[in-house]
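Labels A, B, C and D are assigned to the chains in the order they are written; within every chain, residues are numbered from 1.
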Amino acid sequence: MKTLSVGIIGAGRIGRLHAENILQSNNLHLKAVCDINTEHLKGSFIEKNVPIITTNVSKLLSDDDIEAVIICSSTDTHSHYIKEAAISNKHIFCEKPISKNVTETEEVLRVIKENGVKLQVGFNRRFDKHFRKVQQTVQSKQIGTPQLIKISSRDPEPPTLEYVAGAGGMFMDMTIHDFDMARYLADSEVVDISVNATNVINPQFSIYDDVDTAIITMTFENGALGVIDNSRQAVYGYDQRVEVFGDKGVVSADNENETNVKIATQETVSMDHPKYFFLERYHEAYREELNEFANAIIRNKPLLCTGNDGFQAEKLAFAAKKSKEENRTICLSELNNLFPTTDR
Amino acid sequence: MKTLSVGIIGAGRIGRLHAENILQSNNLHLKAVCDINTEHLKGSFIEKNVPIITTNVSKLLSDDDIEAVIICSSTDTHSHYIKEAAISNKHIFCEKPISKNVTETEEVLRVIKENGVKLQVGFNRRFDKHFRKVQQTVQSKQIGTPQLIKISSRDPEPPTLEYVAGAGGMFMDMTIHDFDMARYLADSEVVDISVNATNVINPQFSIYDDVDTAIITMTFENGALGVIDNSRQAVYGYDQRVEVFGDKGVVSADNENETNVKIATQETVSMDHPKYFFLERYHEAYREELNEFANAIIRNKPLLCTGNDGFQAEKLAFAAKKSKEENRTICLSELNNLFPTTDR
Amino acid sequence: MKTLSVGIIGAGRIGRLHAENILQSNNLHLKAVCDINTEHLKGSFIEKNVPIITTNVSKLLSDDDIEAVIICSSTDTHSHYIKEAAISNKHIFCEKPISKNVTETEEVLRVIKENGVKLQVGFNRRFDKHFRKVQQTVQSKQIGTPQLIKISSRDPEPPTLEYVAGAGGMFMDMTIHDFDMARYLADSEVVDISVNATNVINPQFSIYDDVDTAIITMTFENGALGVIDNSRQAVYGYDQRVEVFGDKGVVSADNENETNVKIATQETVSMDHPKYFFLERYHEAYREELNEFANAIIRNKPLLCTGNDGFQAEKLAFAAKKSKEENRTICLSELNNLFPTTDR
Amino acid sequence: MKTLSVGIIGAGRIGRLHAENILQSNNLHLKAVCDINTEHLKGSFIEKNVPIITTNVSKLLSDDDIEAVIICSSTDTHSHYIKEAAISNKHIFCEKPISKNVTETEEVLRVIKENGVKLQVGFNRRFDKHFRKVQQTVQSKQIGTPQLIKISSRDPEPPTLEYVAGAGGMFMDMTIHDFDMARYLADSEVVDISVNATNVINPQFSIYDDVDTAIITMTFENGALGVIDNSRQAVYGYDQRVEVFGDKGVVSADNENETNVKIATQETVSMDHPKYFFLERYHEAYREELNEFANAIIRNKPLLCTGNDGFQAEKLAFAAKKSKEENRTICLSELNNLFPTTDR
């Protein structure tokens, strides 16, 4: 079996996770890891198994063995590295979002196109087996034509204030995954979006004009309605559920719990909590997204999640923020002159 | 045990259901049933067990034995009979809505107040054991302060076109139950409401300017957000679920299925459908609402569901329709001069 | 609709339950209630609605209006009253067991046969909607040929020592229901039985040579194996589950819980307990068994649960006790000369 | 982190599974793989990543780097290789059973003891997160003193006749896992065992005097009763459930399904099947058992599953077969002179 030789840019939490998954995978080879500081990798499993550990990104981009890069650096640097990698003729997997600025993202997509490389955005939830089966069920028309798409997406604990300061707002940072999931499940683009959002968890988020709780309503081109509910703090654990309702039935995915154990006593009947957070819940999805990325490149097949998917989700995050600010429904067509890219 | 002697006005489907429940209850006595036509009761269990079967409503209202009336006639006649009964000094249980015209409902409430009688509106779902436990859990503060209230409410099959013609729109006919449920679970009034609704099930509903599928977003006085999703046609059965999410946890009620039987074969693992429709799902709730009505009157205790609850839900239905028509969020305060009643 | 006119013998807890159900039913009329003492009925709903309240059983048996009797007196008197009723040409519904002595039961069945009346035994669980659907699924061959039949049957709290003293042992008192369920689900007779039982809940039960915890294994004529597990004390509530496994699949019925409400907090995810005990769990089944009894007699159709079903279950209880005492598998054929009745 | 250097003996299906898991693990290093034929490894991921691929077991046993061996060869060769490895001063992980002959197993344990090496038997289910939580719940006394232990264990498809010919009977081949699970959950030894078994799936199994369906009842030293039900063919998938019932409550583990997706249409409400078979269901448990093996040896801590556990389970398989043959309850003490080892 052919393997895809890759380098990782950014060895923080998510970068190290990808590194370990790649080291354990069968169709990827990890040739290099680059970070601005590599001290924290000293003596690690990664250091022992990766040929090149460097702080110099050009060592990685100029290495002819390396066919693709996995960009896990801070969001502010994504577009820079994507463009550098594209120019160096590397395929690219990049964590979401491409950038926090939709215009900048458009520019990135232009560079990708010009250089003829492939770009996958890290919407890991598309690779979760539960959601994937929901999507396949919708595709198979078992539930007929979609009429309502519902997504519950709640984090177990809110980010720090410092994180919020730089995250670009809840919609761009967190809901962006749900916007992608909505498009993925509906298999249709969003026509308009309307937001009811509030700040009830950490009042300090309002310093950055940010919210932590929201209900987002959408209309899709295919006529379906969609709704997302978000919370930055679900004290019982990561709550990740979807439901697609159509004229022939409904398909839904419930949470994945820590175990299937049930304990009944005189006082209570209890079950386990949902898996704690994204690292636990999407453990397999993280492996799967890189596995599929490698497959698509090795076999020259379409990616399951593209740069355009990243762009569309960012546009929805932008529209959501605008809807909140102007307290009205935003038609996506209003944004056409702001973001003229129509390539899908 | 004291029993409450009652008469029923209107012996259609729901009237006969209440009649049979009363005949089998321990704290209600059914003295009379009145309908404009009583032919269909000939030889029935009701005819055999009810002393007075009449087409003359004044026989019922002038009967000193009868302490309360149960109004199950067509919606158009509700306000007339409520006022008549109030003037005759009878307590009143009336099916929802009090009227399809909020101003008319205000007038009804004024008459009720003047005559010092009690009025319970038929929001039967408040008496469903599942929803009641959700409400009690919220009240007990187990889930802390409510932040998100979600209600899924979908009928198994759409009404006839003829029914739609006279129903006053989906929000007044169907969603009104969900508006009441939202207020019941939140224990707070709605501040604003925003609707995204469409007509995808029966295109002919648009003749009456009606919708059949909707997502309704609300903000509550206590700061919580709420969302209702509605469909007039869930082919898999009556879908009635609620969820209240707070800063200390979440409480939800799932559907009640026909049985708890599970069948697994090589081809499929299958369970039973939800109970078919409101008569099956709310079988016990219908008994319970009259039982509680009787208890409240016999013991002179507060009703669990009042005329004001009917009024508030109607106002929300009105606001929902307005939001749909004007494609904007409606603040309930905008309606204050239209419907000045503030009595709760 | 024709109704069946009945009298009740024995107005203890279960007798009063049946009385109230009959008073609320559509196809039964309760003409008389007889008990050795009727003081406790003074002023009750039963007294107000039943024409004859008497301590004289012959007033009931000689009443030509009364077509059937419902025997709810103490177990020791069952066979006496059944025979009296049969001779008086009344059809009979009798609570289980017919008697605690299988030979005596045989004699009762002979008298029933001679007098050409119908006898239904109170195996109420056959009328539970969950178990009924399991049985229908087995009958429909959806799971193919049964290979394993599993029954979990656990009471929420143990009986008093006084009750145990007169109950005839756990197998005759409690497991008898499970023996009937096993025959009902397997649609086949038991060939042999083997018991592993112990006394771990209330050590005083051993005074009466009784057990409180058991695993009972059976072989059926159709080749299936069966297993029952019993406990006199499941502190989390009444545990009543069945499972039938066949060569084409498996069908199971889970407990019916108090509600479908789920509460998730940081500490725990909890659901409701099973309905507390037989009065709660089998509430509808109690109505249904009398409803079906009345239907069968009014329409002259076969009973769904016969005197022979009572006899067979008692024989299994006898065999179970023998297996426990002799610590060996008992072939039911060993009992043929003890209990020669073969009529099924 | 220190890693444990190991060699694998036997590269069939389970050997290759362990090899791949070890290659992806953080605390094990795979130095050598030995099989009587290594052709099938040509070009494989294993061949590329393992320094020594050999048909000569002594190359592996004489390699001083190798601290432990993983024995995955055919059951007939287990005791030979265990003894060889022990003499070579290697720690040992061996697939179950140690041997199909309990006396032979005793001899193996003696050699292990003499050489002071550690032996873990491949009871992988102890490392399944669901069962582990059940066991921890029992240990924590949350459900009080165990009174009933129930295990359902059914394979999705029967083995071939050829396999059955050499497997040593269903009890030694399949039920042995359940015997270990019973001891693990009860934390107590079995006092007596009684079997009701039959051959209803593949009639040809009777050629080898084997059964395919069984109910096995046990009594434990701590007074609890236990029951296992087995089938060689559950057409709906691998059915692996346990339940421990005690005086303070009950704890149970349900199956792990392929996904948590539910699809409801007019015709049916369906969920996913259980994960297909042991490779899918125990995917993580297989990694975990070797991970724990390595940890125990590296840190010189007790194994979670020992040679004695293998011995006790084999003794129970032997007793089960005897119970079936003699159609009686077998007290384990009867076997004391046959198998005098009492070391636990």
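Simple rule for what comes next: contacts are C-beta pairs under 8 Å (C-beta built on N, C-alpha and C of every residue); 3 or more make two chains touch, one makes a residue touch a chain.
From a predicted model like this one, the values you see are computed outputs, not experimental measurements.
Most remote from subunit A, judged by the distance between CA-atom centroids, is C. Should one ask which of A-C and C-D has more C-beta pairs in contact, the pair is C-D.
With centres taken as mean Cα positions, subunit D sits 42 Å from subunit C. Centre to centre, using the average C-alpha position, subunit B and subunit D are separated by 58 Å. Put simply, the C-alpha centre of subunit A and that of subunit C have 58 angstrom between them. Those residues of subunit D in touch with two or more other chains are numbered 235-236, 248-250, 264-266, 272. Within the complex formed with subunit D, the residues of subunit B that make contact are 235-237, 257, 264-266, 268-273. Subunit A meets subunit D in the complex at residues 1, 23-24, 26, 45, 129-130, 133-134, 137, 142-143, 248-256, 258-266, 272.
Across the complex, subunit C meets subunit D through its residues 145, 147-148, 150, 152, 154, 194, 196-198, 200-201, 213-215, 217-219, 223, 225-227, 229, 231, 233-236, 239, 245, 247-250, 327-329.
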